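Pasting the structures here.
Shared between the two complexes below is chain A, which pairs with chain B and chain C, respectively.
Let's look at the complex of A and B:
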């Protein structure tokens, strides 16, 4: 049984079709890049997996069952915009996660955050954007989940922070779990991807093993993406 | 380990090359036990699946072998190591000569250049 499956999923907003007949299977133990330009349906697709939106038609299945309360327990989701309360301190945010998620490892989060050298009594509001993103990622990656979904985890952070984020993703990627990373910053992330999904205008236009695609096209995923989506 | 992978070619093949050089240059000795897939992946900052693929390829090339339950080891086949070392050396030399020829140097001049450089060292 697939970890995640989309069966003929469509999503409309006010009569406008955002996702068109999406069929997709995500296996276990892979890091998958969900790649597309801005506004092509990446975040909508991710919200459907997290049951934050419901499909207009079709089904989204996790371990063969429709998404819902049960699937939320095994999915760790880092949204594009944080849902953390910025008036909370880091310490309070850890506590919040601990109360909210059974599979949250507070000790692990604390260790990862102390590596960052930040003051856990500081409120999120007082931190830089990059630091806030790191805290968000650490909290999500400290959950013992089957599927991690990271929506634009690299948006608006400096190259050193990008490296930290990629390292944190890799070093917390446990056996059998999968990670879906949505991004348009492909060159930064492609070296850690097993598979890529290209999405454009609400349709999946390509799914492939990353290395197979590189060999076939004899260039980087970033270059292939640029060619396919030339404006 | 420094992470200087190019995005143009499969990363597992680049890892194969890196480990091959470590073995033929003696930085990994014959019979040395390799770290676990996970540790190697973390060290090189790559996806463990990519590292696994690289190790399978290295095993196909007989550069490493698996000892049941004990992990992976660098080959003890010195003939193979010598052969690969010679191949690598021939490849680098050809590359150098070709590029020098493109600049218009004759083989004699190239040899002179190498000698000069060697003496300076």
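Let's look at the complex of A and C:
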């Protein structure tokens, strides 16, 4: 059984088709890059997995079951926006995750936050956007999930912190778990990808093993992306 | 899980409302103290100003209880925080029930604070006697006890405002199914739902009128109904609003279970 499967999924907004007949299978134990330009449907696809959107047709299956309580227990989702309750302190946010997610490791979260030099007694509202994003990432990566979904995790952070974030991602997920990373900053994440999915105008235009694609095209994923999405 | 959700919802609402509660009770006490100084114009004037401020604070508590609950609902279900809310391993029924329970508990707390403030500010033996005398003079048209009337009125108001809270939720749920101008549509849908529910109330009253002449008299003549009319109306109002509250609750839960679309 596949960890995640899209079966003929379509999504309409305002009469416009954002996703067109998506058929996709995500295996276990892989780091997958969901790559595409801005506004091509990456976030829509991710939102459908996380119950933030309802498909217009087709179905999304996680471990063979529809999106629901069971799927939410095993998926750790980092949205592209700062999604935490800003009236809470970081410490309270940790407690919140601990109460709702059985697979959340509070000690791990505190260690990661301390590495980043973040004050856990500070209210999120008083933190910069970049700091809030770091807290969000730490909370998500402190879960022992089967599938991590990271929507633009590098978007709002400086290049120096990007490497730290990628290392945090790499060193904090269990064997057999998969990670989907949606981004258009391909050169930054290329080194960690096992597979790539290229999406354009709501359609999946390419799925491939990252190394096979590099050998076949004799260039980096970043270069292939630039060629495919040349304006 | 419901308990945990409820804890966070209550904390969010009461953290803010408790400031209003304290200010209102404070002005209530000051009003009581200063209005007693009949011989000093300055102190009595301060009492009058505090009296106005107490009334303003009471109105502010009611408005903020509603607005805070609606704001929490909108942010949690359709704002940035919605990404967290909808990815929690909790059923949509629990999510909605927590919002309803927390807002109703906050409303109850607000009403208790308002009643306590009114009692602290205005209760004197003379004031109570005046109310009792006024009530005795209405004995011919109200055939019930003063205590029943007060409790019935407070309970009916509580249920009606609880319904208004849920009307706001209905508006937000329907408004956010639209693609544009979601907040504008939320207000419009809330208002339309209000009209529909009021129409149901009038229909219910008409049906009751088929079995109760006093009620039918209200629709057909200008004459005063019998003394037990007020009791019937209060009981009907409470029963009808409880029924509408349940219908609204089930309808909203159904809407939420159909799924959301977050921008």
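Keep this in mind: the second predicted complex is superposed on the first by the 231 of 231 C-alpha atoms of A that agree within 3 Å, B and C clash if a C-alpha of one lies under 4 Å from a C-alpha of the other, contacts with A are read in each partner's own complex, and residues count from 1 in each chain.
To be clear about the criterion, a residue touches a chain if its C-beta (ideal position, glycine included) is under 8 Å from a C-beta of that chain, and two chains touch if they have at least 3 such contacts.
It should be emphasised that the depicted structure is a prediction, and the values quoted were computed from it without experimental measurement.
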item: Touched partner set for A:211, first chain B, second chain C, both or neither; value: first
item: Touched partner set for A:38, first chain B, second chain C, both or neither; value: neither
item: Touched partner set for A:219, first chain B, second chain C, both or neither; value: first
item: First, second, both or neither for A:193, with chain B first and chain C second; value: first
item: Chain B versus chain C as contact partner of A:121, first or second or both or neither; value: neither
item: First, second, both or neither for A:51, with chain B first and chain C second; value: second
item: In the complex with chain B, residue positions of chain A that touch it; value: 29-31, 166-167, 170-171, 173, 187, 190-194, 211, 214-215, 218-223
item: Chain C-touching residues of chain A, taken from the complex the two chains share; value: 13-14, 47, 50-54, 69-70, 72-73, 75, 77, 79, 81-85, 87, 96, 99-101
item: Residues of chain B defined as touching chain A within the complex; value: 5-12, 41-42, 45-50, 53
item: Contact footprint of chain A on chain C as seen in their complex; value: 1, 4, 8, 12, 15, 80-84, 86-91, 179-180, 258-262
